[in-house]
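In the two complexes below, chain A is the common chain; its partner is chain B in one and chain C in the other.
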Partner chain A sequence: MRVFGRLSQEQIVFGLAVLLCLGFALALPGFLTAQNILNLVRSVSILGILGVAMGLVVIGRGIDLSLVALMAISVAWTLQLATNGMPMGLALALGLAFSLAVGLLNGFLVAYVEIPAIFATLAMGIAVYGFGRYVMFSLDVVYLPQDAEAFRWLGQGRLLGVPTPICMFALVSFLAFLFLRYTHQGRYLRTVGDNLAAARISGVPARPVILMQYMIAATIGFVGGCVTAASVASMNTRVANSTMIYDVILVVVLGGIGLSGGKGGIRNVIVGTLLIGVLLNGMTIMDIQYTVQNVIKGVILLTAIVIDTMLNPRDEQTAQQGDI
Partner chain B sequence: MRLRTTLIAAAVAALAGGAGAQGIDDPTRGAYYDAFEGKKVAYVPVAMGFDLTEGWAMGLKAALEPLGVTFDIRDPNWSTSAGAQAITSLISEKPDVIVVHNPDVQSYARLLKKAEEAGIYVVQVNMRSSYSTDVFVGADYVGMGRQIGERLVEICSPDKGKSGKIAITQGVLTAAASAYQMKGIEDVLKEHPEIQMVSNQAADWDATKAKNITATVIQQHPDLCAIAGFWDVMDVGTSAAIKESGKDVYLITQGGGNKAACDGLENGTYSEVVVYNVPGQARDMANTIQQLLQLKPTPGSMKTTLFTQLDFVTKDNMKPGSCWALPGQ
Partner chain C sequence: MTALLELRNGSKDYRGVYAVKDVSFTLEQGEVHALVGENGAGKSTLTKMLAGVVSPSAGEVWLDGKPVSFATPSEALKAGIAMVYQETSLVPSLTVAQNLYLMDDKPFHRLRGIYIAGQQFLQSLNFHVDPTALVGALGAGQKQMVEIARAVHHNARAIIFDEPTATLTPEEKHQFFSLVERLKKRGVSIIFISHALEEALQISDRITVMRDGEHVITDATANFDREKIVRAMVGRSLSDELYGKQDRQVRPAGAKVLSVQNLSMGNMVRNTSFSVFAGQITGVFGLIGSGRTEAAKVVAGVLKRDFFHGGQVRLDGRPVRYRVPRPAVQDGIIYVTEDRKLEGFFETMTIAENIFIGAMAGGRVKSSLVSMGEMKQIAGQWTQALNVKAINTDARVIELSGGNQQKVVVAKALVQKPRLVIFDEPTRGVDVGAIAEIHKLINQLADEGVAVLVISSYLPEILQLSDRILICRQGRIVEEFDGQKTDEETIMYAAVH
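And now, the complex of A and B:
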């Protein structure tokens, strides 16, 4: 038990993913082929990109429930503008600007008005979705204009044989990793997440850091949205009402980034994403019925959390205030 | 009888006047317009904002509003519980007709029965509930499933050198469009053991899910012959996966025949689209509503089903009028 006692949640989840991989590789012909592994990662790369955005916010002891809604609306607006004849570059710039403005507003509500992040962003997500559907476009699926070949490459192309969504996931993860590890702002983010009061006393500009974390999340969300839209040649704004935002939080928490903030890194997001990817891919190959898939997914996730709680029990020292 | 008397009276009057150039009034006109004056029609789709529901609303509005009928849209935006609430409050508001688009076969069944008992005519469109009401207008999904099944057999039969492997991408499992159609497809496949269904998954009407499922299925079965998808809007994802795989897979999908479907056929997104014509369905609904309001039967006493005629549209048989567009599209 002592040996296992040092395993972190990240390692447990990674172990589970490897075990599942081995099981599927033995049982399912065609699972362990390069093509399938690429498929597997590609199918969760958008989830992973959003996971990175959410991960950064959670490390800063926040949460962004408006992430998926904002992604859907800003990208759908971009596509609508482009369909109406605006050059793609300008449409993208406007979409990104809208994203940043909403991110800034989120940060302002959390940092300066001091509304708990969970409520501020929940309300913001609903408001953004409603505003978008009412003012910006009228149909809930907006198609990509036919001539947007360069944009389409972002979701359907390949870079050195690797599908571009995977490359984008890798790029976003790498940049976020560099940000957290090597920049002042990145370290501030972690400090603020770990202990806001202490950070502020020691001179960290806590409120601007919170503003920044929501703006970064909005930007990464916009990138994730562009990849989604490019890969299926349309943006389905219904995802704003789906359970996707919970999947994103799941990836983050499953990978081992505690909701109490300050803990974890980008590696945790990648590990969480891979476990979900392996699960979904294996079950699709086995042609398991959709409702049964949900049961299996739920049970495996619960298992991961139970193992973690048994191996790393919470006590007064490890539990923090605000831990959910 | 009254009609005949009026006609004779009119004829006599015309003769007596001696002037054949004088106009005569259509005797049914007054009664016709009186039947609609101040009537209310409420419309509860699963959500506004997509081609089918917008198209029905457009058609119903165009047909009913000039008659003096108030047309009222309650948009639950994909929430079944919000839809149930809308119907519950409508029952107490007592419009004359409720037009319902069911998200699944169960949820609204009891409410629809209650509405009829409260004296409201209930028209169901395209996706029916397990409870049959005054009117159902929509595709015959079991029959449609059979026809699609037969198309799949025709296209993929090993006799033609094809692999016989097919895949299905459903919408939401419990929706009438999915459940009834599956029955039809399965009936056909039972008679054709040479056709093998290698995957049957639900993508929740979402393009991204459809794409991920399809990518995995094609990779596991590179010799896949055809995919039947259950909605064109979702199947842009299915198509993207087929294109990325570089394989030649026949994609047969279905929808309301919006312009986007014809564009998709034109640019090779879909191989074939089964079209249930939305403006036609709107017209069918408007006509039956007019009939109900004129004949005034007790709500729930007659059950009419009007199945929509299906068109199997491909790039080759597509005509300029095969699809329709929303304003601004």
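And now, the complex of A and C:
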């Protein structure tokens, strides 16, 4: 194994993505065109935006399983309000406020009630979905009102020739990167994920930081939802019941943000997203069945984790001697 | 007579870095062999080679005059070599008897059967442990008894103890020593790794000193004294600098910074009262379980005192009640933990980031955004002040030795410019050189007028550092001594009775 040197999972995944790219470029005519590359990134940019949201929570040693459900319901509610005649700006503000409220509740349950994040957010996702479908609107697909041109641009427009979803992904990633690196709160987030007890004793406001991390995730989720809705001119709330949340976790874990918290950064999310993007795009061009695609995705994730474990063992002695 | 167990010219390297280099080591039949050295001297690696936990990269292990090679620890155990670790390897959710018979090659055990057998077996060893008790509910000393019983149950002829007394109270230590005597009478050979030199001198037949992965000296214990071992360990004489009686003045008490009255928390802290003064080191001595750590944690807001009749804590005469540590930190009360890995440092972060977190959380950072330059500057200043040995401040804390990790944790606390620092076991698991440096630093703090509280279960440390000594017993501060007009026996007497 030493020939490889010390590679991180991020580098391995990036290498895999490049290899796949090369393979597809050689085997598939039309893969390596500017148009296809833009399409490729565009198709995964929403996954990437959600990945950034999930990534921030996972770095803080949490997980947010309500992310996709909350995104679907809050954006669908916004569209419903706009359709009912509310000005778009106000509708968006209400949708965002709803997202933030749910994020706050998630954070409260995890930080103050001290429920494990996986259960708190799982239950919250189900509750939010049910609440939305029962109280906020009745159809499971809510369409964008015809007159919302500015909103539509968010998903279908272009900025300097680049589709706006890609720009939004870039913007969200950049802001999240700045947040993690240059703000006190961003640094605190990492300490909470690394070692909660040590963070507390050092005087880090640990519980407010946890509240914050779920609220940020909800906000980014809302942005991702808006881009989704604008791209297809509607919000299909059934994504809340799809496997999308697992794809988001896949992107985060594949990129190398450890579920044990504290590790990785936004770069990992981008790398993970790119690999998934290349893979999905190539498989779609090759016309591989959806079910087979799932098998391939699963195998890729396992491979990445296995290689990472072999190259970066938790403990040198156990790696050389095998687990006892 | 052939030696029981031997390592011949053994080496072990990790990617070219030698943990143990060309060391030969002999364990005779029925002897107690102490292995001493600073942290990172290669003691643990050496014994792990003997016990089959790691395989030597060069050299051979000989058992009864024949070369052997153990692939796993269980093979070594079958050959009669058992290792008892510092962190116990028992299953906490199983009972004592289940743990004892866990490794037997039998798919099923009848519980009643093993309880009866376990009872008889433990009694034959004169261990007072209930075989039906859950291991998780036992104290450190009893856990160790179970570990030892398990080794004896597997007919171990050689038992390796890695820092066996580190977590034991003095009474438990005493029991442990008499146990070693009994094992020796049964013909069991023992390797005993320890930091505590007095213990090595007290119970061993021979002593081997290691330094930087190499063998320094092996000789009969009678030919050693403290001074000689320390000199061999560090290559220079540190003893006066460390624990020698120094002619020093007791610092006079400054202003009363902290005053605690009738503090209570559950059944760990019971209605205790004490004060801490500025410009002075107040030492707290107490056995493990005496509530000293808990009392300190309540003061620093890490734990909450009882809601009703919880007592009063006053900082500069002002009553304070912290529910989380953050306001305490902002008021200048800093707690430096006894368990740095669990609640001290951030292992995924660099030295600079760790120290900077302390500065940020303590409100000691100039800009509201993180400035890399300021981080470098603060980290550079503190690593220099505390003499942290690392290539640069971008090294990750997890890669440092125990002593340097502790210094980073201390730096992370001191960067917050505290008025009252509580050091809980400041030199646990720290090598001899770093102990001296940390002690110097603690003295400096007190000289600068900071109120310092040092909690330790190591008597020489308390005696050497403290201007006043408080004795904690059963959740209460029970006695106070002048730092210079007392001795080890007096303190121990107060702490145990």
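Keep this in mind: the second predicted complex is superposed on the first by the 312 of 324 C-alpha atoms of A that agree within 3 Å, B and C clash if a C-alpha of one lies under 4 Å from a C-alpha of the other, contacts with A are read in each partner's own complex, and residues count from 1 in each chain.
The rule is short, and it goes like this: a contact is a pair of C-beta atoms (placed from the backbone, for glycine too) under 8 Å apart; a residue touches a chain by one contact, two chains touch by 3 or more.
Keep in mind it's a predicted model, so treat the numbers as computed, not measured.
Superposition of the two structures on chain A shows chain C fitting alongside chain B with no clash. Between the Cα centres of chain B and chain C, as seen from that of chain A, there is an angle of 140°, stated in steps of 10. By the touch criterion defined above, A:R42 lies against chain B but remains apart from chain C after alignment on the C-alpha atoms of chain A. In the superposed model, A:N195 makes contact with chain C only, not with chain B. Contacts of A:Y182 after superposition: chain C is touched, whereas chain B is not reached.
Of the two partner chains placed by superposition, only chain B is touched by A:V141; chain C is not. In the superposition on chain A, A:G125 makes contact with neither chain B nor chain C.
Of the two partner chains placed by superposition, only chain C is touched by A:G262; chain B is not. In the superposed model, A:V204 makes contact with chain C only, not with chain B. Smallest inter-chain Cα distance, chain B versus chain C, after superposition on the shared chain: 38 Å. Residue overlap on chain A between the chain B contacts of one complex and the chain C contacts of the other is empty. Touching chain A in their complex are the following residues of chain B: 47, 49-51, 54, 77-79, 173, 198-202, 204-208, 210-213, 215-217, 219-220, 233, 236-237, 240, 243-244, 260, 263, 267, 269, 326, 328.
Every residue of chain C that touches chain A in the complex is listed here, in rising order: 14-15, 48, 53-55, 72-74, 300, 302, 324-326, 328-330, 335, 337, 342-349, 353, 356-358, 360-362, 365, 368-370, 412-413, 416.
Interface residues of chain A facing chain B in the complex, by the touch rule stated above, are 30, 33, 35-36, 39-40, 42-43, 46, 133, 138-141, 143, 146, 155-156, 163, 228, 231-234, 236, 238-239, 241-242, 280-281, 284-285, 287, 290-291.
On chain A, the positions that touch chain C within their shared complex are 2, 181-184, 186-188, 190-191, 194-195, 197-207, 262-263, 316-317, 320-321, 324.
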